[in-house]
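The following blocks contain the structures, represented as C-alpha coordinates.
Both complexes below contain chain A, partnered by chain B and then by chain C.
Right after this comes the complex of A and B.
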(Lines of atoms letter the chains of each structure in order from A and count residues from 1; the text may use other names and numbers.)
(Lines give C-alpha, C1' and ligand atoms only; values in the text may rest on other atoms or scores of the structure.)
Protein backbone atom coordinates (compact mmCIF):
# COMPACT_ATOMS: atom_id res chain seq x y z
CA UNK A 1 0.00 0.00 0.00
CA UNK A 2 1.08 3.55 -0.63
CA UNK A 3 0.01 7.06 0.21
CA UNK A 4 -2.30 9.42 -1.62
CA UNK A 5 -0.81 12.89 -2.17
CA UNK A 6 -3.26 15.72 -2.74
CA UNK A 7 -1.98 18.95 -4.33
CA UNK A 8 -4.22 22.03 -4.41
CA UNK A 9 -1.86 24.84 -5.51
CA UNK A 10 -1.03 26.08 -8.99
CA UNK A 11 2.31 24.60 -10.13
CA UNK A 12 3.07 27.94 -11.82
CA UNK A 13 2.96 29.74 -8.50
CA UNK A 14 4.17 27.26 -5.89
CA UNK A 15 6.42 24.20 -5.83
CA UNK A 16 3.88 21.99 -4.00
CA UNK A 17 3.42 19.66 -6.97
CA UNK A 18 7.13 19.40 -7.67
CA UNK A 19 7.90 18.46 -4.08
CA UNK A 20 4.91 16.16 -3.63
CA UNK A 21 6.21 14.21 -6.62
CA UNK A 22 9.79 14.32 -5.28
CA UNK A 23 8.78 12.94 -1.88
CA UNK A 24 6.26 10.42 -3.16
CA UNK A 25 7.59 6.94 -3.71
CA UNK A 26 7.01 4.52 -6.54
CA UNK A 27 3.44 3.28 -6.45
CA UNK A 28 2.09 6.42 -4.84
CA UNK A 29 -0.90 8.29 -6.21
CA UNK A 30 -1.16 12.05 -6.72
CA UNK A 31 -4.58 13.70 -6.85
CA UNK A 32 -4.73 17.21 -8.28
CA UNK A 33 -7.53 19.38 -6.88
CA UNK A 34 -8.49 23.10 -6.85
CA UNK A 35 -5.73 25.19 -8.51
CA UNK A 36 -3.59 22.03 -8.52
CA UNK A 37 -5.53 20.82 -11.58
CA UNK A 38 -3.44 23.12 -13.80
CA UNK A 39 -0.58 20.66 -13.26
CA UNK A 40 -2.48 18.12 -15.37
CA UNK A 41 -2.56 20.32 -18.49
CA UNK A 42 -0.46 19.30 -21.49
CA UNK A 43 1.58 21.85 -23.40
CA UNK A 44 2.45 24.19 -20.55
CA UNK A 45 5.79 25.32 -19.09
CA UNK A 46 5.29 22.90 -16.16
CA UNK A 47 3.76 19.87 -17.95
CA UNK A 48 6.99 17.94 -17.56
CA UNK A 49 6.53 17.67 -13.78
CA UNK A 50 3.70 15.16 -14.29
CA UNK A 51 4.62 13.90 -17.76
CA UNK A 52 8.11 12.80 -16.71
CA UNK A 53 7.22 11.34 -13.30
CA UNK A 54 7.30 7.55 -13.57
CA UNK A 55 5.85 4.93 -11.24
CA UNK A 56 3.17 7.28 -9.90
CA UNK A 57 -0.47 7.42 -10.81
CA UNK A 58 -1.97 10.86 -11.41
CA UNK A 59 -5.62 11.77 -10.94
CA UNK A 60 -7.44 15.06 -11.39
CA UNK A 61 -10.77 16.12 -9.85
CA UNK A 62 -13.26 16.68 -12.68
CA UNK A 63 -15.37 19.33 -10.91
CA UNK A 64 -12.34 21.59 -10.35
CA UNK A 65 -11.09 21.06 -13.90
CA UNK A 66 -14.49 21.97 -15.37
CA UNK A 67 -14.85 25.06 -13.20
CA UNK A 68 -11.61 26.35 -14.71
CA UNK A 69 -12.71 25.73 -18.29
CA UNK A 70 -10.02 23.12 -18.93
CA UNK A 71 -11.38 20.40 -21.20
CA UNK A 72 -10.41 16.74 -20.83
CA UNK A 73 -8.60 16.68 -24.16
CA UNK A 74 -6.02 19.08 -22.72
CA UNK A 75 -4.88 16.56 -20.10
CA UNK A 76 -1.45 14.97 -20.10
CA UNK A 77 -1.66 11.33 -21.31
CA UNK A 78 -2.27 8.89 -18.48
CA UNK A 79 -3.88 11.34 -16.07
CA UNK A 80 -7.13 9.88 -14.83
CA UNK A 81 -10.26 11.92 -14.24
CA UNK A 82 -12.16 11.29 -10.99
CA UNK A 83 -15.41 12.63 -9.54
CA UNK A 84 -16.05 13.19 -5.83
CA UNK A 85 -16.93 9.50 -5.33
CA UNK A 86 -13.66 8.60 -7.04
CA UNK A 87 -11.85 10.94 -4.62
CA UNK A 88 -13.32 8.95 -1.72
CA UNK A 89 -12.34 5.65 -3.35
CA UNK A 90 -8.75 6.90 -3.64
CA UNK A 91 -8.72 7.93 0.03
CA UNK A 92 -9.91 4.53 1.27
CA UNK A 93 -7.68 2.53 -1.05
CA UNK A 94 -4.45 4.17 0.20
CA UNK A 95 -2.67 3.92 3.55
CA UNK A 96 -3.25 7.59 4.32
CA UNK A 97 -3.60 11.00 2.74
CA UNK A 98 -0.82 13.57 2.58
CA UNK A 99 -2.06 17.06 1.72
CA UNK A 100 0.59 19.15 -0.03
CA UNK A 101 -0.61 22.74 0.19
CA UNK B 1 -15.37 65.12 -14.34
CA UNK B 2 -12.23 67.13 -15.05
CA UNK B 3 -9.52 64.89 -13.65
CA UNK B 4 -10.12 61.36 -14.90
CA UNK B 5 -7.42 59.00 -13.70
CA UNK B 6 -6.13 55.92 -15.45
CA UNK B 7 -6.72 52.89 -13.25
CA UNK B 8 -4.92 49.64 -14.02
CA UNK B 9 -6.00 46.42 -12.34
CA UNK B 10 -3.16 43.90 -12.44
CA UNK B 11 -4.41 40.29 -12.08
CA UNK B 12 -1.89 37.54 -11.43
CA UNK B 13 -3.92 34.81 -9.68
CA UNK B 14 -5.94 31.87 -10.98
CA UNK B 15 -9.72 32.04 -10.52
CA UNK B 16 -11.65 29.96 -7.93
CA UNK B 17 -8.71 28.60 -5.89
CA UNK B 18 -8.37 31.89 -4.00
CA UNK B 19 -10.61 34.94 -3.61
CA UNK B 20 -8.26 37.33 -5.49
CA UNK B 21 -9.89 37.13 -8.93
CA UNK B 22 -13.39 37.66 -7.58
CA UNK B 23 -12.30 40.52 -5.29
CA UNK B 24 -10.56 42.20 -8.23
CA UNK B 25 -13.77 42.00 -10.28
CA UNK B 26 -15.74 43.61 -7.45
CA UNK B 27 -13.31 46.50 -7.15
CA UNK B 28 -13.19 46.96 -10.94
CA UNK B 29 -16.97 47.33 -11.04
CA UNK B 30 -16.86 49.93 -8.26
CA UNK B 31 -14.05 51.89 -9.93
CA UNK B 32 -15.84 51.87 -13.28
CA UNK B 33 -18.94 53.33 -11.63
CA UNK B 34 -16.91 56.44 -10.74
CA UNK B 35 -16.24 57.29 -14.41
CA UNK B 36 -12.52 56.63 -14.28
CA UNK B 37 -10.58 55.18 -17.19
CA UNK B 38 -10.37 51.52 -16.23
CA UNK B 39 -8.08 48.90 -17.78
CA UNK B 40 -7.31 45.35 -16.70
CA UNK B 41 -4.13 43.38 -17.18
CA UNK B 42 -3.73 39.60 -16.90
CA UNK B 43 -0.29 38.17 -16.15
CA UNK B 44 0.99 34.80 -14.82
CA UNK B 45 -1.90 32.63 -13.51
CA UNK B 46 -4.18 35.63 -14.07
CA UNK B 47 -4.53 34.54 -17.71
CA UNK B 48 -6.59 31.57 -16.45
CA UNK B 49 -9.30 34.05 -15.37
CA UNK B 50 -10.23 34.62 -19.02
CA UNK B 51 -10.38 30.99 -20.15
CA UNK B 52 -13.79 30.30 -21.71
CA UNK B 53 -15.97 27.25 -21.09
CA UNK B 54 -16.03 27.44 -17.30
CA UNK B 55 -18.64 25.08 -15.85
CA UNK B 56 -19.09 25.18 -12.07
CA UNK B 57 -22.23 23.01 -11.93
CA UNK B 58 -20.35 20.10 -10.40
CA UNK B 59 -18.41 22.11 -7.82
CA UNK B 60 -21.25 24.29 -6.50
CA UNK B 61 -19.26 27.52 -6.88
CA UNK B 62 -20.57 30.71 -8.45
CA UNK B 63 -19.44 30.86 -12.07
CA UNK B 64 -18.12 34.39 -12.49
CA UNK B 65 -16.71 34.07 -16.00
CA UNK B 66 -19.89 35.67 -17.46
CA UNK B 67 -19.17 38.75 -15.34
CA UNK B 68 -15.95 39.41 -17.30
CA UNK B 69 -18.02 39.51 -20.50
CA UNK B 70 -20.07 42.40 -19.12
CA UNK B 71 -17.08 44.56 -18.20
CA UNK B 72 -17.31 46.48 -21.50
CA UNK B 73 -20.82 47.56 -20.53
CA UNK B 74 -19.43 48.93 -17.27
CA UNK B 75 -17.00 51.17 -19.12
CA UNK B 76 -13.88 49.00 -18.98
CA UNK B 77 -12.08 49.96 -22.17
CA UNK B 78 -9.03 47.69 -22.25
CA UNK B 79 -8.18 44.15 -21.16
CA UNK B 80 -4.55 43.33 -21.78
CA UNK B 81 -3.15 39.79 -21.69
CA UNK B 82 0.55 38.95 -21.32
CA UNK B 83 1.68 36.94 -24.35
CA UNK B 84 4.55 35.31 -22.43
CA UNK B 85 2.22 34.07 -19.66
CA UNK B 86 -0.36 32.87 -22.19
CA UNK B 87 2.23 30.71 -23.95
CA UNK B 88 3.72 29.36 -20.70
CA UNK B 89 0.22 28.30 -19.66
CA UNK B 90 -0.38 26.40 -22.91
CA UNK B 91 -3.04 28.82 -24.13
CA UNK B 92 -3.77 30.98 -27.18
CA UNK B 93 -6.18 33.88 -27.64
CA UNK B 94 -8.72 31.37 -29.05
CA UNK B 95 -9.02 29.89 -25.56
CA UNK B 96 -10.05 33.23 -24.09
CA UNK B 97 -13.46 34.90 -23.79
CA UNK B 98 -14.30 37.92 -25.93
CA UNK B 99 -15.50 41.14 -24.37
CA UNK B 100 -17.37 43.72 -26.45
CA UNK B 101 -17.38 47.44 -25.79
CA UNK B 102 -19.64 50.22 -27.01
CA UNK B 103 -19.81 53.95 -26.29
CA UNK B 104 -23.50 54.75 -25.92
CA UNK B 105 -23.02 58.42 -26.85
CA UNK B 106 -20.64 58.22 -29.81
CA UNK B 107 -21.87 54.75 -30.81
CA UNK B 108 -18.24 53.73 -31.26
CA UNK B 109 -17.98 49.93 -31.04
CA UNK B 110 -15.20 47.44 -30.43
CA UNK B 111 -16.00 43.73 -30.89
CA UNK B 112 -13.34 42.50 -28.51
CA UNK B 113 -11.31 44.56 -26.05
CA UNK B 114 -9.20 41.56 -24.97
CA UNK B 115 -5.76 42.20 -26.44
CA UNK B 116 -2.63 40.02 -26.25
CA UNK B 117 0.51 42.19 -25.90
CA UNK B 118 4.24 41.57 -25.42
CA UNK B 119 6.24 42.58 -22.35
CA UNK B 120 7.39 45.89 -23.77
CA UNK B 121 3.86 46.97 -24.65
CA UNK B 122 2.55 45.91 -21.24
CA UNK B 123 5.34 47.79 -19.47
CA UNK B 124 4.29 50.88 -21.39
CA UNK B 125 0.64 50.47 -20.35
CA UNK B 126 1.67 50.09 -16.71
CA UNK B 127 3.88 53.15 -16.98
CA UNK B 128 1.06 55.26 -18.43
CA UNK B 129 -1.30 54.34 -15.59
CA UNK B 130 -1.90 56.76 -12.72
CA UNK B 131 -2.69 53.96 -10.28
CA UNK B 132 -1.98 50.23 -10.35
CA UNK B 133 -4.12 47.92 -8.19
CA UNK B 134 -2.64 44.46 -7.70
CA UNK B 135 -4.57 41.26 -7.18
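Right after this comes the complex of A and C.
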Protein backbone atom coordinates (compact mmCIF):
# COMPACT_ATOMS: atom_id res chain seq x y z
CA UNK A 1 0.00 0.00 0.00
CA UNK A 2 1.10 3.55 -0.64
CA UNK A 3 0.99 6.92 1.05
CA UNK A 4 -1.76 9.50 1.05
CA UNK A 5 -0.81 13.17 0.97
CA UNK A 6 -3.35 15.82 1.86
CA UNK A 7 -2.74 19.26 0.36
CA UNK A 8 -4.73 22.20 1.73
CA UNK A 9 -2.95 25.17 0.12
CA UNK A 10 -3.72 26.86 -3.16
CA UNK A 11 -0.95 26.07 -5.65
CA UNK A 12 -1.08 29.74 -6.66
CA UNK A 13 -0.03 30.77 -3.16
CA UNK A 14 2.28 28.03 -1.87
CA UNK A 15 4.28 25.25 -3.49
CA UNK A 16 2.85 22.48 -1.27
CA UNK A 17 1.22 20.67 -4.18
CA UNK A 18 4.42 20.76 -6.21
CA UNK A 19 6.40 19.42 -3.23
CA UNK A 20 3.82 16.75 -2.44
CA UNK A 21 3.97 15.49 -6.01
CA UNK A 22 7.77 15.63 -6.11
CA UNK A 23 8.15 13.65 -2.88
CA UNK A 24 5.40 11.16 -3.65
CA UNK A 25 6.32 7.70 -4.79
CA UNK A 26 4.76 5.71 -7.55
CA UNK A 27 1.27 4.64 -6.50
CA UNK A 28 0.79 7.47 -4.01
CA UNK A 29 -2.44 9.42 -3.77
CA UNK A 30 -2.91 13.14 -3.30
CA UNK A 31 -6.13 14.48 -1.77
CA UNK A 32 -6.84 18.16 -2.38
CA UNK A 33 -8.84 19.83 0.39
CA UNK A 34 -9.59 23.40 1.53
CA UNK A 35 -7.76 25.89 -0.76
CA UNK A 36 -5.87 22.93 -2.21
CA UNK A 37 -8.87 22.25 -4.46
CA UNK A 38 -7.71 25.02 -6.81
CA UNK A 39 -5.01 22.57 -7.89
CA UNK A 40 -7.69 20.31 -9.40
CA UNK A 41 -8.81 22.88 -11.99
CA UNK A 42 -8.03 22.33 -15.66
CA UNK A 43 -6.54 25.07 -17.80
CA UNK A 44 -4.45 26.82 -15.15
CA UNK A 45 -0.75 27.54 -14.84
CA UNK A 46 -0.31 24.49 -12.60
CA UNK A 47 -2.66 21.95 -14.18
CA UNK A 48 0.19 20.35 -16.14
CA UNK A 49 1.86 19.54 -12.83
CA UNK A 50 -1.10 17.34 -11.89
CA UNK A 51 -1.86 16.05 -15.38
CA UNK A 52 1.75 14.95 -15.95
CA UNK A 53 2.24 13.23 -12.57
CA UNK A 54 1.83 9.69 -13.84
CA UNK A 55 1.45 6.88 -11.34
CA UNK A 56 -0.21 9.20 -8.80
CA UNK A 57 -3.90 9.36 -8.11
CA UNK A 58 -5.56 12.70 -7.43
CA UNK A 59 -8.72 13.22 -5.42
CA UNK A 60 -10.58 16.39 -4.54
CA UNK A 61 -13.04 17.03 -1.72
CA UNK A 62 -16.41 17.88 -3.24
CA UNK A 63 -17.62 20.15 -0.41
CA UNK A 64 -14.52 22.35 -0.59
CA UNK A 65 -14.72 22.54 -4.37
CA UNK A 66 -18.36 23.59 -4.16
CA UNK A 67 -17.64 26.13 -1.40
CA UNK A 68 -15.24 27.87 -3.79
CA UNK A 69 -17.69 27.93 -6.67
CA UNK A 70 -15.70 25.59 -8.91
CA UNK A 71 -17.94 23.42 -11.03
CA UNK A 72 -17.13 19.76 -11.43
CA UNK A 73 -16.75 20.04 -15.21
CA UNK A 74 -13.68 22.24 -14.72
CA UNK A 75 -11.62 19.43 -13.19
CA UNK A 76 -8.47 18.00 -14.73
CA UNK A 77 -9.23 14.63 -16.37
CA UNK A 78 -8.76 11.75 -13.99
CA UNK A 79 -9.20 13.72 -10.76
CA UNK A 80 -11.70 11.85 -8.62
CA UNK A 81 -14.33 13.59 -6.50
CA UNK A 82 -14.78 12.38 -2.93
CA UNK A 83 -17.02 13.36 -0.02
CA UNK A 84 -15.92 13.17 3.64
CA UNK A 85 -16.77 9.45 3.77
CA UNK A 86 -14.49 9.06 0.73
CA UNK A 87 -11.79 11.01 2.59
CA UNK A 88 -12.08 8.47 5.43
CA UNK A 89 -11.88 5.58 2.94
CA UNK A 90 -8.69 7.05 1.44
CA UNK A 91 -7.13 7.33 4.91
CA UNK A 92 -8.05 3.73 5.66
CA UNK A 93 -6.84 2.35 2.33
CA UNK A 94 -3.36 3.93 2.48
CA UNK A 95 -0.42 3.00 4.70
CA UNK A 96 0.31 6.47 5.97
CA UNK A 97 -1.30 9.88 5.82
CA UNK A 98 0.89 12.94 5.54
CA UNK A 99 -0.69 16.38 5.72
CA UNK A 100 1.36 18.65 3.46
CA UNK A 101 0.76 21.70 5.64
CA UNK B 1 -9.92 1.08 11.98
CA UNK B 2 -8.46 3.09 14.85
CA UNK B 3 -7.90 6.75 13.93
CA UNK B 4 -6.47 9.80 15.67
CA UNK B 5 -7.06 13.41 14.64
CA UNK B 6 -4.91 16.46 15.33
CA UNK B 7 -6.21 20.05 15.03
CA UNK B 8 -3.65 22.86 14.99
CA UNK B 9 -5.77 25.95 14.26
CA UNK B 10 -8.42 27.97 16.04
CA UNK B 11 -12.07 27.92 15.00
CA UNK B 12 -13.37 30.85 12.91
CA UNK B 13 -9.80 31.60 11.77
CA UNK B 14 -8.92 28.68 9.55
CA UNK B 15 -10.90 25.88 7.93
CA UNK B 16 -8.91 23.22 9.82
CA UNK B 17 -11.46 22.91 12.65
CA UNK B 18 -14.31 22.48 10.16
CA UNK B 19 -12.38 19.94 8.08
CA UNK B 20 -11.38 18.00 11.18
CA UNK B 21 -14.94 17.96 12.49
CA UNK B 22 -16.45 16.72 9.23
CA UNK B 23 -13.71 14.12 8.85
CA UNK B 24 -14.15 12.87 12.43
CA UNK B 25 -17.93 12.72 12.06
CA UNK B 26 -17.67 10.78 8.78
CA UNK B 27 -15.19 8.36 10.35
CA UNK B 28 -17.47 7.71 13.32
CA UNK B 29 -20.52 7.34 11.10
CA UNK B 30 -18.52 4.92 8.97
CA UNK B 31 -18.03 2.71 12.02
CA UNK B 32 -14.39 3.59 12.68
CA UNK B 33 -12.96 4.12 16.13
CA UNK B 34 -11.69 7.66 16.67
CA UNK B 35 -9.37 7.11 19.62
CA UNK B 36 -8.69 10.78 20.31
CA UNK B 37 -8.91 14.29 18.86
CA UNK B 38 -5.88 16.27 20.01
CA UNK B 39 -6.01 20.07 19.87
CA UNK B 40 -2.66 21.78 19.63
CA UNK B 41 -1.50 25.41 19.28
CA UNK B 42 -4.49 27.72 18.54
CA UNK B 43 -6.54 24.53 18.15
CA UNK B 44 -7.15 24.64 21.92
CA UNK B 45 -9.60 27.51 21.28
CA UNK B 46 -11.97 24.81 20.01
CA UNK B 47 -12.48 23.93 23.68
CA UNK B 48 -13.80 27.07 25.39
CA UNK B 49 -17.44 26.94 26.43
CA UNK B 50 -17.61 30.78 26.44
CA UNK B 51 -17.65 30.91 22.64
CA UNK B 52 -20.86 32.58 21.47
CA UNK B 53 -21.06 32.81 17.68
CA UNK B 54 -24.05 34.53 16.02
CA UNK B 55 -27.14 32.28 15.93
CA UNK B 56 -27.01 31.91 12.16
CA UNK B 57 -23.39 30.74 12.24
CA UNK B 58 -22.17 27.23 13.05
CA UNK B 59 -21.21 26.73 16.67
CA UNK B 60 -17.91 24.92 16.30
CA UNK B 61 -17.37 24.28 20.01
CA UNK B 62 -20.90 23.00 20.60
CA UNK B 63 -20.61 20.79 17.53
CA UNK B 64 -17.56 19.03 19.03
CA UNK B 65 -19.33 18.66 22.37
CA UNK B 66 -22.39 17.08 20.75
CA UNK B 67 -20.24 14.69 18.71
CA UNK B 68 -18.32 13.74 21.84
CA UNK B 69 -21.54 13.12 23.75
CA UNK B 70 -22.90 10.90 21.01
CA UNK B 71 -19.76 8.83 20.46
CA UNK B 72 -17.92 9.25 23.76
CA UNK B 73 -15.04 10.97 21.96
CA UNK B 74 -11.85 11.86 23.81
CA UNK B 75 -11.22 15.58 23.15
CA UNK B 76 -7.84 16.63 24.53
CA UNK B 77 -6.35 20.13 24.70
CA UNK B 78 -2.59 20.52 24.94
CA UNK B 79 -1.85 21.91 28.40
CA UNK B 80 0.96 24.31 27.43
CA UNK B 81 -1.05 25.65 24.49
CA UNK B 82 -4.12 26.00 26.74
CA UNK B 83 -2.22 27.87 29.46
CA UNK B 84 -0.87 30.38 26.96
CA UNK B 85 -4.35 31.01 25.55
CA UNK B 86 -6.30 31.08 28.81
CA UNK B 87 -8.22 27.83 28.50
CA UNK B 88 -8.74 26.67 32.08
CA UNK B 89 -10.25 23.62 33.78
CA UNK B 90 -10.62 23.02 37.53
CA UNK B 91 -7.15 21.57 37.90
CA UNK B 92 -5.45 24.38 36.00
CA UNK B 93 -7.45 27.03 37.90
CA UNK B 94 -6.27 25.54 41.18
CA UNK B 95 -2.66 25.14 40.06
CA UNK B 96 -2.31 28.58 38.54
CA UNK B 97 -4.51 30.51 40.97
CA UNK B 98 -7.19 31.50 38.43
CA UNK B 99 -10.63 32.69 39.51
CA UNK B 100 -12.60 30.94 36.76
CA UNK B 101 -12.71 28.06 34.35
CA UNK B 102 -13.87 28.06 30.75
CA UNK B 103 -13.29 24.58 29.37
CA UNK B 104 -16.20 23.14 27.42
CA UNK B 105 -17.85 19.91 28.60
CA UNK B 106 -16.35 16.67 27.21
CA UNK B 107 -12.97 18.38 26.70
CA UNK B 108 -10.00 17.75 28.96
CA UNK B 109 -6.57 19.32 29.31
CA UNK B 110 -3.54 17.06 29.18
CA UNK B 111 -0.01 16.81 27.90
CA UNK B 112 1.67 16.26 24.58
CA UNK B 113 2.20 12.64 25.62
CA UNK B 114 -1.46 12.12 24.75
CA UNK B 115 -0.70 12.99 21.13
CA UNK B 116 2.25 10.61 21.04
CA UNK B 117 0.17 7.86 22.63
CA UNK B 118 -2.58 8.40 20.06
CA UNK B 119 -0.04 8.24 17.23
CA UNK B 120 1.34 4.96 18.61
CA UNK B 121 -2.02 3.37 19.44
CA UNK B 122 -3.78 4.28 16.21
CA UNK B 123 -3.50 2.91 12.70
CA UNK B 124 -3.55 6.44 11.24
CA UNK B 125 -3.05 10.01 12.48
CA UNK B 126 -4.74 12.68 10.38
CA UNK B 127 -3.51 16.26 10.86
CA UNK B 128 -5.46 19.43 10.09
CA UNK B 129 -3.80 22.82 10.20
CA UNK B 130 -2.08 25.55 8.27
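Here is the rule we go by: the second predicted complex is superposed on the first by the 101 of 101 C-alpha atoms of A that agree within 3 Å, B and C clash if a C-alpha of one lies under 4 Å from a C-alpha of the other, contacts with A are read in each partner's own complex, and residues count from 1 in each chain.
Note that in this section contacts are C-beta pairs under 8 Å (C-beta built on N, C-alpha and C of every residue); 3 or more make two chains touch, one makes a residue touch a chain.
Small disclaimer: the values here were computed from a predicted structure and weren't measured.
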Touched partner set for A:57, first chain B, second chain C, both or neither: neither
Touched partner set for A:12, first chain B, second chain C, both or neither: first
Touched partner set for A:85, first chain B, second chain C, both or neither: second
Partner chain(s) touched by A:34 [first = chain B, second = chain C, both, neither]: both
Chain B versus chain C as contact partner of A:71, first or second or both or neither: first
Partner chain(s) touched by A:96 [first = chain B, second = chain C, both, neither]: second
Broader residue contact with chain A after superposition on the shared chain, chain B or chain C: B
Partner chain in contact with A:44 - chain B first, chain C second, else both or neither: first
Overlap of the chain B and chain C footprints on chain A, listed as residue numbers: 8, 34, 63-64, 83
Of chain A, residues touching chain C in the complex: 6, 8, 33-34, 63-64, 83-85, 87-89, 91-92, 96-97, 99, 101
In the complex with chain A, residue positions of chain B that touch it: 13-18, 44-45, 48, 51-59, 61, 63, 65, 88-90, 95
Interfacial residue positions of chain C with respect to chain A in the complex: 1, 3, 8, 15-16, 19, 22-23, 25-27, 29-30, 32, 123-130
In the complex, chain A residues that touch chain B: 8-10, 12-13, 34-35, 38, 41-45, 47, 62-64, 66-71, 74, 83
